[in-house]
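Each chain carries a letter (A, B and C) given by its place in the written order, and its residues are counted from 1.
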Amino acid sequence: MSETTEFQPYAILPGETISLDKYKNDKDVIKIGPGLLHEKQQVTAIKAGTLKNHNNQKWWIDSSQRRYVPSLNEHVIGKIIAKTQDYFRVDIGSAHSALLSTLAFEGATKRNKPNLEIGALVYARVSLANKDMEPELECISATTGKANGFGELKDGFLIKCSLGLCRSLLNPNTPILTALGEHFAFETAVGMNGRVWINTPDISNTILLSNAIKNSEFLSAKEIKQMVKELVKQSEDDMEL
Amino acid sequence: MAEVSNKDSFVLDANTFAKLHPKEFYRKFLTNNIRPDGRLLKKFRKTSINLNSIKSAEGSCVLKMGKTSVVCGIKAEVAEPRVDDPRKGYIVPNVELSPICSSLFKPGPPGELAQSISERIDKLFKQCKIIDLDKLCISEKNAVWVLYVDVICISYDGNIFDAALFSIISALKNLKLPEVTFIEEEGKVEASEEKTISLELLSTPLSATYVVFDKKYILADPNEEEENLSSTSLTFIYNEQHKLCGISKLGGIPLSKELIQDCTESAIERTDNLRQLLDSTMKNL
Amino acid sequence: MPGETIRADKRTSSQIRPISSVLSSLNRADGSASFSFGNSSVLCSVYGPQEVKIKDELLDRATIDVNITPQIGIGSTTEKNMERIVREAFSDVIISSLHPRTSISITVQITQDDGSIISTIINAVSLALIDAGIPLHSTLLSVTCAILNGEIILDPTNEEMKDASSIHVFAFSNTSNDIVSSESTGVFTEEEYFKCSDICKLAVSSVLKFVHTAIERKLQKEQKN
């Protein structure tokens, strides 16, 4: 039985190779994730970031970038930029715009198609992502065929942020959303393509919250609580005016 | 018709195979140490020059390197000297790659390749003393010779840099300027009818270009197809004393010192051969 | 080292100027970085992979586009030549096959030119590509050296380059000891060329250490929460 050593995440540059031998047991299958490339018997980093692993079996590089590259089954927020009889063209921030079939909605039939306008926002799932083709989206769950939260996002406000921030917002215990949730009632949708949608009944609150989320990217949990406190105070002061 | 089978073992004729799998096609030749055009890997294409064919230019050269053809014409004009150096004339090289030589080039302002070559040749003239620019001075601060060196490619089949440089050096060596005098009172320059003054070249730097195919095969004097299939090119510029006047390695594949050292002998031989060609052509004029 | 000449700015011949860089300074670009060797500094932005014009589209890989603007005035053949050198140097570093039919747009603004500008540009482009998360086979870095009065000096200033008998720009990757990109002008011997390449290789490894620290610091800031 080979020895496995304790792994500490560390910063890595493109081109650096990783030797996984000291971390694996003989019967383990190692999975290589984002930022790593397995080529010619070596695992090399192709992005700069922090090398992380899960149970010494799944390895990936944690890095934040701004440009979205579509990946299968990710949930994204897109804006309708064109529509034809059979599909909508959606801008999801990637190099190519995505196609959303008009039948890919719950309860849609040839006679009963969704009526989305150009400029409308949709929350969808990436159903086809491959480097040579245009990405495709669906607004129904892969397994049940029901909407499950996908579909049009009415009203509200869309902000663009880095992919790293979106990933951290999807964590149910994320400090910024829980802190804001203690004081405000709001609806939010987070797309893995660097887009976040927020909706509150009051427009000034919507703007306040979106700025708070944008600013929270590099703050620690303590600083976030502090910032939210100040925002609450500010909004109460505004209401008094 | 020669038949070649590809990896999926269904049989294609050579031309179709070359179109579908150009790299594989080349590999089959290179493993036997020969290229599809029949040359050995380090062999340069047959080069020929024709001097002084453009009577209206002060110096000219038409050059053929395989199927690459360029025309170099040098026009000498009198101008005021540059402010930073009132005792020197100057040279303005310009390389043109237009749709006439290949469908690769679009009409309009010069593209990146043409400008890059013009710049490299300009740098070469500035950093290696090829012409004594003082000899181009007619009257200090008043009038100097400006040599407009234009290279026009009329047929593009790769390795335009070697062709352009050799045509420029050949045209310069055969440059004939008229005798001139500067008339102070009128501020004019009077030139004689005959062009009798030739320019002595202090040095004749010439180049040899190679491309690297598949990280291991070095091909000398690439044609257009070979240029497209390789991502890395290596150019050596040697003068008549076998000193280097420039090395340019463009492209991403890393090359070891040994590989670079390997080409230097062949490059020196090639540039010497070109010099001999130029000398013998001039003797026969 | 005893006997080594001291240059005008008090450096020895084997010393490079102080390096500095700032990452992600432009908030609209997908990636950006500034890099400087002493008084030579450039700012670089990267956009991509993004939509590409049909006429520039490549079916199996990304189109790499480089634009360099000088400190004063508009670009001339000098900048076009540098664009070609940079584009060719990064052509095999960027894993362009992962993003076919897209464009990766690299824009460089020279903010101050005091010698060794091509190396400054290559380093800024590398950092900007890393900042943008473009997949790269390796980290490409560059250092210039010049031969002045028979001596090899690293990272020359404009003044030193003017009088040099030859100038050599080398770029190396952190994945191989071989030369990735090389531009040498002037009059020199083969021996001098290979000596310069060895000296530049050593200098590049110290620039690499600096880049590693810069990236580490940026990651620490991001991981704060």
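We take it that a contact is a pair of C-beta atoms (placed from the backbone, for glycine too) under 8 Å apart; a residue touches a chain by one contact, two chains touch by 3 or more.
If you want to know which protein each chain is, UniProt gives these names: A = Ribosomal RNA-processing protein 40; B = Ribosomal RNA-processing protein 43; C = Exosome component Rrp46.
It should be emphasised that the depicted structure is a prediction, and the values quoted were computed from it without experimental measurement.
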Q | Remotest chain, chain B as reference, centres from CA atoms | A | A
Q) Hey, which chain is the most central one here, using CA centres? A) C
Q.
On a C-alpha centroid basis, what's the spacing between chain A and chain C, in Å?
A. 33
Q: Give, as an integer number of Å, the spacing between the C-alpha centres of chain C and chain B.
A: 27
Q: Starting from the mean Cα coordinates of chain A and chain B, work out the distance between those two points in Å.
A: 53
Q) chain C: which residues touch two or more other chains? A) 173
(Q) Which stretch or stretches of chain A touch chain C in the complex? (A) 11, 13-16, 37, 44, 46-50, 62-67, 69, 94-96, 131-132, 164, 168, 175, 216-221, 224
Q.
Quick check on the complex: what are the chain B residues that touch chain C?
A. 112-113, 115-116, 118-120, 122-124, 127-128, 231-232, 239, 243-257, 260-261, 264
(Q) Per the contact definition, I'd like the list of chain C residues that touch chain A in the complex. (A) 30-31, 48-52, 95, 98-103, 130, 132-133, 135-139, 173-175, 208, 211-212, 215-216, 219, 221-225
Q: State the interface residues of chain C toward chain B in the complex, per the touch definition above.
A: 77-78, 80-81, 83-85, 88-93, 166-167, 172-173, 176-190, 193-194, 197
